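Below is one structure; the comments refer to it alone.
A, B, C, D, E and F are the chain letters, set down in written order, and residue numbers restart from 1 in every chain.
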Amino acid sequence: MHRFANPARFLRLASVIQPWTAAVTLLLIGAGLYFGLLVSPADYQQGETVRIMYVHVPAAWVAMAAYSCMAGASAVGLIWKHPLADLIAKSASPIGASFTFLCLVTGSLWGKPMWGTWWAWDARLTSMLILFFLYLGHMALLNAFDDPGRGMKAAAILALAGFVNVPVIKFSVDWWNTLHQPASVTRLGMPKIDPSMLLPLLLMGVGFTMFFVTVLLLRVRLEVLAAKIRAIRLTQIHGMPGADPSGEALG
Amino acid sequence: MDSLASYFSMGGYAGYVWSAYAITAVVMVALALLTWRGLKGREQELKELQDIIPGRRGRSHDGVAEKG
Amino acid sequence: MSRLSEIIRRDLRLALRQGSDSVMVVTFFVLTVVLFPFGLGPETNLLERTSAGVLWVTALLASMLSLDRLFLADYEDGSLELLALTPTALELLVIGKVVAHWLTTGLPLMVAAPVLAVLLHMHADGFGTLLLTMLLGTPTLSLIGAMGAALVLGARRGGVLLSLLVLPLYVPVLILGVGAIDAAVQGLPADGLLLMLGGFLLGALPLAPWAAAAALRQALE
Amino acid sequence: MSRLSEIIRRDLRLALRQGSDSVMVVTFFVLTVVLFPFGLGPETNLLERTSAGVLWVTALLASMLSLDRLFLADYEDGSLELLALTPTALELLVIGKVVAHWLTTGLPLMVAAPVLAVLLHMHADGFGTLLLTMLLGTPTLSLIGAMGAALVLGARRGGVLLSLLVLPLYVPVLILGVGAIDAAVQGLPADGLLLMLGGFLLGALPLAPWAAAAALRQALE
Amino acid sequence: MTSEQAFSTFTAEGLVCVRGERVVFTRLDLSLASGEAMFLLGPNGSGKSSLLRVLAGLLKPAAGRLTWNHQALAEDREGHAARIHYVGHHDAIKPVLSVMENLRFWGRLHDPLAGDAAVKAALERFGLWHLRQVPGKLLSAGQKRRLNLARLLAAPASLWLLDEPSVALDKASVKTLEAVIAEHRANGGMVILSTHADVSLPGATELHLDRFTPTTPPEFWA
Amino acid sequence: MTSEQAFSTFTAEGLVCVRGERVVFTRLDLSLASGEAMFLLGPNGSGKSSLLRVLAGLLKPAAGRLTWNHQALAEDREGHAARIHYVGHHDAIKPVLSVMENLRFWGRLHDPLAGDAAVKAALERFGLWHLRQVPGKLLSAGQKRRLNLARLLAAPASLWLLDEPSVALDKASVKTLEAVIAEHRANGGMVILSTHADVSLPGATELHLDRFTPTTPPEFWA
């Protein structure tokens, strides 16, 4: 029965490191914006539109990282029944969905001037769209059951089964020749990208990741509190004689 | 002045570049704000609940832990 | 193994006797495709150009519509818990049900497709590819669908949720299927697309039964 | 009368809570229409010419798909016999269920139709007529459908039977609806076709509830 | 909520019931007056449920007639429906509606003027008041049955037709049911009840369905 | 068909069951050996059905462990399934399949080698042989239940978990059920059975579920 095993310790830990992650996030993104928008040159091929890269690519990274985090947490939750893992998985999906959305939108905004079309059924684009729907399905499934525990488990299974999509996104450009840019930063060996562009890209990448961590911690705290509130409501309803069962907790 | 205007025009692609940055900013700020507000709301709710039930304040942690 | 065949035979028998949704689905498929000329008017050119799309979209919908009852009937009448209590891996039972589902939906769709393609004036070069895409694509639809159907068992708004979960995963099959047929009609090579369809099937084959069985176990709690 | 509103309210509540098939149907409608551009390719001209047909065929199917559960859920859990035992004409109850069905399928279809018409690049002149045909046509679909659903209750092969019974009766609505829109787009008068659609509705209004109630009584024996 | 009712009688004469092309019982007579109760007994398949459905007007008898206060019921289906409560094998509980919503619907449908007070009293009587917010699907078997029985009190009706009402009930709930039936009879109501278990209804008559089975074997598919 | 079985024991230690985020029972122990029987008793909602589902392996307990011959069952779900028969509230009868087809399917699924002889014997034992061609939907409530119970004999299993098995059965069928259980126990089988009715199992122990309810009220929503 290690359900909610030591939420107090987690809450303490989270509130200690949170200010630091928040500060680092602001710093990195600020620097990234400075270098990306002001210092770095325009691309000789893509012109100024290359600046979209500094939000597009980090958003894509975080979208995939968030999904991996969610799948990992789901596995832990399913196998070891660790309650905190369930809550992490639950907290990760709205953040991941937001970044997937950003990646899709900024990609489209980049695609119109570069490829002349907002959208194409290219392998990477399609798999990214599916990632977005997986996030949506995850969130919908979580909330679709009267028993929150059931929703958590069903969503965990979906998250694990959907994980195959992540390597497909990552390697789709290598496996099929498509419209989309092949990997130039995140490949084995040296990145083949100019340092003046690499710097803001990396700054923004780490900054977005720290942003993810910060918001994730906040959301997990929120979920822990929500679970506590539910538990108190339940004991109120059936444990305390005379308490009026408001029924809200039964949802 | 001219260079500033040409900077903002982004080589003719201003609409694309700036809207990409704007959407990103809006989504990230909204995400952070909503989460923050949700957290504060829950904290408030929990405090009210524990205030209603005298004597539960100390017990609420193990109450959660034992509940399963 | 013999348990697998027992399940398949029972599900087939049920489908035949009560004309379960899966049989309805083929009727649905045929009727929809027949309705299209009514809706679009009988212009050969228009029909021909839309034929691959209409066939695949309808096949997709037909397959999806039969899903929400795939496990639901067994769940509601208590059969599912007994199935889960037979001394076999639940994954095997899921495979049995998927095979039965494919036999009652995918296979008839495949049989009906060429006939309907004639009705829609599809170009003769597309027929072989149409059949191939159906052969590779429809089992994937059944597999993914079984996973979705198991996940939403007992959920509120199961139906909507099911389509939300399953349709996005169906989209690649649709795109590859239509793409391959269009390529064949235009005399281009369709092998790459067909290979990808096959890859999809191979991926879904182990994954979907595992996920479905895990979800069913949760649903029975 | 207040019994009628009780039934309508209950069915609406059920539809909202469990996202019964009727809610799914709208999702289905939207998703299908959205899938079509994927299937057909995004050529404006092709889409425009097929838009009225696609919209009406899909609306028809959407409405039909929600039918087989219209009475089935109540039949299986024993609610239908209790409904038949309330001190009111069963016909009234049927009307209540039809109204609820229309509110949860027909009405949302009507609301979604113009949006989807934009997506399919329908000519602006067709919009008003599209709405009018939907307004006149969808209640007829619900009425005819209720009759079919009641007839097949308890019958073997309910699903197939249902579509075989209902679709032929739907075809006139389809043809009139598409015809009226096409006429409007081409600048021709559509009044005659619309009048016929209205006539259809007036005919179904007394006939369908009576037939459905009679069929339900049989099913409960 | 059941108020004093005028004295009434309910009779059936020469009922014949055919199901699935088989005669279940023939020439069955029964009669009941205000305040009386009757047990339907007999082995499985002897036609207890079928008889109750005939009496409720759900199933048309192949022959015979039903009367209420000596007036034939044949055509007045709705009038009859207003007088009866039927509790069958199915619980008619919607899984997504709460206990309260489930019961309120049936109460209002039976009697649009009935207020929430009757619903509340019914739930309290059957020990379900504290569960009123719980969705139907989370109920245990006995809780579902109690909710189904609560319909009896949510709107008044003279004749109760109960098909194995004590199934899944714990002993305390069976006692409640017996008390509720006794009150109903004291108010001039009638009860016809099929059962295999021991339910005590003082002064109730018994009807053995197997006596009306045609030809020899007790079950027809022989 | 049940042959002589080796002596076995089945135990549960410290079981805790949580449903819908609510603790139904805590720290429940039980143990059973070959030939023994146990009644689960308690009011509606006290967790009898939940306990049977835990014992069957359908529901994972929040804590505690199950053992068979002192070996933990936790992971060996399929091995456990081969040893048990579970009869729940639902009858799992397909309306369009005949009685014979329904039973044969479950028999074969449980034991692919079981022949039709066992199915036939089971049907005869529960008085359903003459109904073998009848589709499930034409059965009366008691006949359905008997068909569900016939699964017990259609394929052998050591441990029977029966959730209110006597519901809807007539008195003669209850006697049959009692005899069948007695034979099963004589052959070294075990039975755990929940009931509100009187079923006589000589020498059976009793487990009162309401004693394991945490906090005060017997129903959790109270």
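Keep in mind that, in the parts below, a contact is a pair of C-beta atoms (placed from the backbone, for glycine too) under 8 Å apart; a residue touches a chain by one contact, two chains touch by 3 or more.
Given the structure is predicted, the values throughout are model-derived calculations rather than measurements.
*Asks:* For chain D and chain F, which third chains touch each of them?
*Replies:* Chains touching both chain D and chain F: C, E.
*Asks:* Using the stated contact rule, I'd like to know whether C-F or A-B comes out ahead in C-beta pair count.
*Replies:* Result of the comparison of C-F and A-B: A-B.
*Asks:* If we define chain centres by averaging CA atoms, which chain lands farthest from chain F? Would you check?
*Replies:* B
*Asks:* Using CA atom means as chain centres, which chain is nearest the centre of all the protein shown?
*Replies:* C
*Asks:* Quick one: report the Å distance separating chain B from chain F, using the average Cα coordinate of each chain.
*Replies:* Centre-to-centre distance between chain B and chain F: 52 Å.
*Asks:* How many angstrom lie between the centres of chain C and chain D, each centre taken as the mean Cα position?
*Replies:* One centre to the other, that is 25 Å.
*Asks:* Averaging over Cα atoms per chain, report the distance between chain B and chain E in Å.
*Replies:* For chain B versus chain E, the centre distance works out to 57 Å.
*Asks:* Listing for chain B: what residues touch at least two other chains?
*Replies:* Correct list: 67-68.
*Asks:* Please set out, as single numbers or ranges, the residues of chain A touching at least two other chains.
*Replies:* Residues 1, 3, 121, 146, 231, 234-235, 245, 250 of chain A each touch two or more of the other chains.
*Asks:* So which bits of chain E are touching at least two other chains?
*Replies:* 89, 96, 130, 133-134, 138
*Asks:* Can you list the chain F residues touching chain A in their complex?
*Replies:* For chain F paired with chain A, touching residues are 16, 18-22, 62-63, 215-217, 219-222.
*Asks:* Any idea which chain B residues touch chain A in the complex?
*Replies:* Checking each residue of chain B against chain A gives 10-13, 16-17, 19-21, 23-24, 27-28, 31-32, 35-36, 38-39, 42-43, 45-46, 49-50, 53, 56, 60-61, 63-68.
*Asks:* Could you list, by residue number, the parts of chain A that touch chain B in their complex?
*Replies:* 1, 3-8, 42, 47-49, 51-52, 55-56, 59, 94-95, 98, 101-102, 105-106, 109-110, 112-113, 211, 214-215, 218-219, 221-222, 225-229, 231-236, 240
*Asks:* In their complex, what parts of chain A are in touch with chain F?
*Replies:* 1, 3, 146-149, 230-231, 234-235, 237-239, 241, 245, 250
*Asks:* Could you please specify the touching residues of chain F with respect to chain E in the complex?
*Replies:* Listed in rising order, the residues are 19-20, 42-45, 49, 89, 127, 130-131, 133-134, 138-143, 145-146, 164, 167-174, 196-198, 219, 221-222.
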